[in-house]
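There are two complexes below, and they share chain A, which is joined by chain B in the first and by chain C in the second.
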Partner chain A sequence: MLKTMLALAKMQFNQYNIYKSNFYLWTLNRIIEVIVYIFVWQAIYNQTGDAGGFTINQLVTYYILTVSIRPIALFSINSDIAYSIRNGKINKELLNPISYFQYCFGVNLGEMAFALVIGIATFVICSVFWTIILPANLTSFILFLIVIMLGIPLTFFIEVIVGTVGFYSSSIWGMEILKDAIISIFSGIIAPIALFPMWFQKIANILPFKDLIYTPINIWLGQVPTNEIIFVILKQLIWTIILYVIAKIFFNYSIKKITINGG
Partner chain B sequence: MTKALDNIKLYFSFLSASLREMLIYRLDCLVGMVSQIITQLVEIIFIWIVFQNTENLAGWNFKQILLLYGITLISVALKTFLFDGLYELGPTYIRNGEFDKILLRPVHPIISIIGSTKEFVAFGYLVLGLIMTIIMFIELAIPVTALLIIKIIVFSICGAAIIGAIDTIFSITSFWTHRSNEIIWSFDRIYTFAQYPIDIYNKFIKILITVILPFAFVAYYPTMNYLGMDKYMLYLSPLIAIILWIIAVKLWDLALKKYRSTGT
Partner chain C sequence: MAMIKVENLVKTYQVIQKESGLFGYFKNLVKPKYKEFDAVKGINFSIEEGELVGYIGENGAGKSTTIKMLTGLLTPTSGEVIVNNLKPYKSRIENNKNIGAVFGQKTQLWWDLPVIESFRLIKKMYKIPEGEYRKNLKKFTEILELDELLEKQVKNLSLGQKMRCEIAAAFLHNPKIVYLDEPTIGLDVFVKENIRKFIKEINKEKNVTVILTTHDLKDIEDVCDRIILLDKGQIIYDGSKQKFKDTYGKYVIAEFTVKDKNLNINDNIRIDEIEILEETENQLKLKFKHEETTIVKVMEQISNYCKIEDIHMKEAELEDILKEIYKGAHKC
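Let's turn to the complex of A and B:
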């Protein structure tokens, strides 16, 4: 099963890799995106000598890491699922000898791998222009990686839930944009959660999104005590199980109920 | 001159044809508008957080930045509505060979392409942009005179024309890549730099958005005029729009001569 999933991932990765220009353009896009954020905070720092308790190098590192690892939080396999449902391709995919979730997860991994290669390129190029803080020690780097990897299945199940809406509506891109907006705000993609007002931080603490971006980057920056990281991981696991159950029930219910357009 | 006018007339008849086509899908249209507003709200929340941490940004306060944002959105809405057909050039027209048909029409191909827009969801931007602009004028106690309204209309159109011309220039890459929509998008979105005071940027980016890709003339200089921060820079906007369009059309014609059909 794992082998099949990895093969699927590799196939998907290669499919993206055909278009070398994708690689350069997407890297360029990520850099364009980070520029505004960095200059805005630099301006504030130069004016007030403070940016929400962060040093300016920490904030710069924060944003560069954000655009580099963002695909873990924002992914769009949901549109692939919805597309399969709409044109009947899902019939064939359901007949695959591996389960549909495993199939999608394999494809998802391939796309994510490609996006992460772009992320690494973005990170390296940005490090030429700005001073980036490296992880305090090897332990925080490894914990950073662990927390990030635990985010992958979490995002995946959110994607499945959004994609399953495709059984009921032919245009799910409105849902997708809403999902992206919620995750962008609550995961800390637009700004570190610590810079938000208190009431907002309380909401963000309960939701799972914060641990996709904000927490791993803070681990990188050495801002999270090691004993707290255990709770972070525990919270992630609980949320993953909750989302898995919801995705499974929702998908199985929908697939039984709906007849599909003959592909 | 009459030829140019004929072309523009034809452009608007293309536009109304695709508007009617789009209105068939009312629900899609509505979902599109709402989701565009949501995407913009994310950016506005970013600005709000910024101002939780500071009183002013390079001399601009929260409300002034939101006015700049609103004015930019109006131009972007017009640009999306008028010119985003360009995104289809590579993937829809050139790759499928549809472009060869367009070349046979007695109208400049740019007109056919931009007239084929389906981006009526841009009304989402327009609604949000107008609401923000009106609220901020009231909040900032700036009297909305007839002159101001005329200025906003004229310079918003100029702004849309500037972004549209830049998009048109980058759409030329479609002739070789057959899928340039991503290239247009990458350069088009640099307009977001000019949604903030340009004094926050370093010299390179200042030159980039005032000279190389003059997005600062889309909304930044006009807004400075409305706010009384600057008097004359905005009057360069129409001039820049015209110059950019002349460059865009010339480059397009040059590229057309080298164009080889994909033969599909």
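Let's turn to the complex of A and C:
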């Protein structure tokens, strides 16, 4: 089963990789984003001499890392699922000898792998132009990686839930935008959570999104005590299970509906 | 033990009734009104391993609906489907391991990648042993002439090339049953022949059961031994192709080229055994039954009205017979 999923991931990876221009353009795109973020923050910093307790170096590192690992939170196969439902391609995919869920997860891993390569490229190129704070020690780097990896299934289940809406509506465009907006704000992609008001931070602490981007970066920066990381991981696992159950139930229910009423 | 067993199979679709006007729109949002539509109305058949079955019928007869139930993509409204001892709508994934399917023009190949990559993925997904995979690939490449296609990106293939690859993909894992829903739609004669040859050969070699729906009756003529004819959700014929022809097609179609016609024959000739299908100034197409009259008598009759220059006769083909049946079915 794992082999099949890796094979699927490889297919999806190659599908992107066919177009080398994909790779260059996306990387360039990321770098431009980094530049914009950094300029804005430098301006704020120069004016006020403060940015929520972060040093300018920390902020630079924060945004370079955010842009590099952002695909974990946002890169999406929900539109693939919805598209597949709309044009009936799903009928062929449902005839695979593995479950559609596993099929999607395999494909999703391929997307992630591709995004990861771009992320690494972005990071390496940016490190030439800016001083990036490196992880305090090997442990925090490994913990950073673990927390990121745990985010992959979490995002996948969110994606499935949004994609499944495609069974009910011919356009999930609105849903997608909403999802992206919520994740961008609550994961810290737009700005570090610490800069937001207290009530917002409280909500962000409960939701799973923060641990996709904000928490791992803070682990990298050495701002999360190791004993707290245990709780982060625990929280991630609990959310993963909750989202898995919701995704599975919603998806299976919807599949049943189409197998009762046709595509 | 039959490979496929279908008993009193019914599929009723729920169609949302659209109501007009703004009020109707909101009423629909809150409590949609459904209308029922019976696409398949209690059909029965059983298919043995290795049979080549042509599943035919007019547009909207319910062929695809049946195939979807056989593959587990649709749950029957009532009745039972058993495929290779499984209920596909309950154990779809288990059932998927035994079947291959091609649905018209919907591709299962990966659009941006070379064809061979999709084949390799199939190999991994179905866990096809290396040796078996190579053997099949070699054989399929030979019959379907895939040599130059395998390294090409799927999106660059022509329709016919894509379909050949698609068919190969459906048979690659040695499925017990293959469903082909209009596999020859839009293809040229040569590709069609190629595909027919492939189906026949693989069936002979591996004893794979094939269910084929098509609107090109040459496919059936060439490939299938058995016909199941569906009309508005009901089976109106199920049996061997030969018997089908014998039962419904014991007539001859004769085409005359005539000259010096002095009368409109259609209006004047009154012989019960002859039916005139087409008449123009110098063409005459008619139909008569072997048992009731002979060509000599027919010619005698016609020559009263014109001079016969040429005759062309043929046995009724499936297409002629089907036209007849449909015409009959629509009358009543």
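Quick note on the criterion: the second predicted complex is superposed on the first by the 258 of 263 C-alpha atoms of A that agree within 3 Å, B and C clash if a C-alpha of one lies under 4 Å from a C-alpha of the other, contacts with A are read in each partner's own complex, and residues count from 1 in each chain.
In this section, a contact is a pair of C-beta atoms (placed from the backbone, for glycine too) under 8 Å apart; a residue touches a chain by one contact, two chains touch by 3 or more.
For clarity, every value in this text was computed on a predicted model and none was experimentally measured.
The superposed arrangement places chain B and chain C next to each other on chain A without a clash. By the touch criterion defined above, A:Phe231 lies against neither chain B nor chain C after alignment on the C-alpha atoms of chain A. In the superposed model, A:Gly88 makes contact with chain C only, not with chain B. Set side by side, chain B and chain C differ in how many residues of chain A they touch, and the one touching more is B.
Contacts of A:Tyr253 after superposition: neither chain B nor chain C is touched. In the overlay built on the shared chain, the residue A:Ile98 is in contact with chain C alone; chain B does not reach it.
Once the two complexes are overlaid on the shared chain, A:Thr4 sits against chain C while remaining clear of chain B.
For the pair chain B and chain C, the minimum alpha-carbon spacing after aligning on chain A is 10 Å.
Taken together, the two complexes place no residue of chain A in contact with both chain B and chain C.
If you check the complex, the residues on chain C that touch chain A are 13-14, 65, 68, 71-75, 89, 92-93, 96-97, 99, 101, 103, 106-108, 110-113, 117-118, 120-121, 124-126, 153. Every residue of chain A that touches chain B in the complex is listed here, in rising order: 21-22, 25-26, 28-29, 32, 35-37, 39-44, 47-48, 50-52, 171, 173-174, 177-178, 180-181, 184-185, 190-191, 195-197. Within the complex, the chain B residues that touch chain A are 27-28, 31-32, 34-36, 38-39, 41-43, 45-46, 49-50, 52-54, 56-58, 177, 182-183, 185-186, 189-190, 192-193, 195-196, 199-202, 205.
Only residues 3-4, 7-8, 11, 14-15, 18-19, 88-89, 91-99, 256, 259-263 of chain A touch chain C when the two sit together in their complex.
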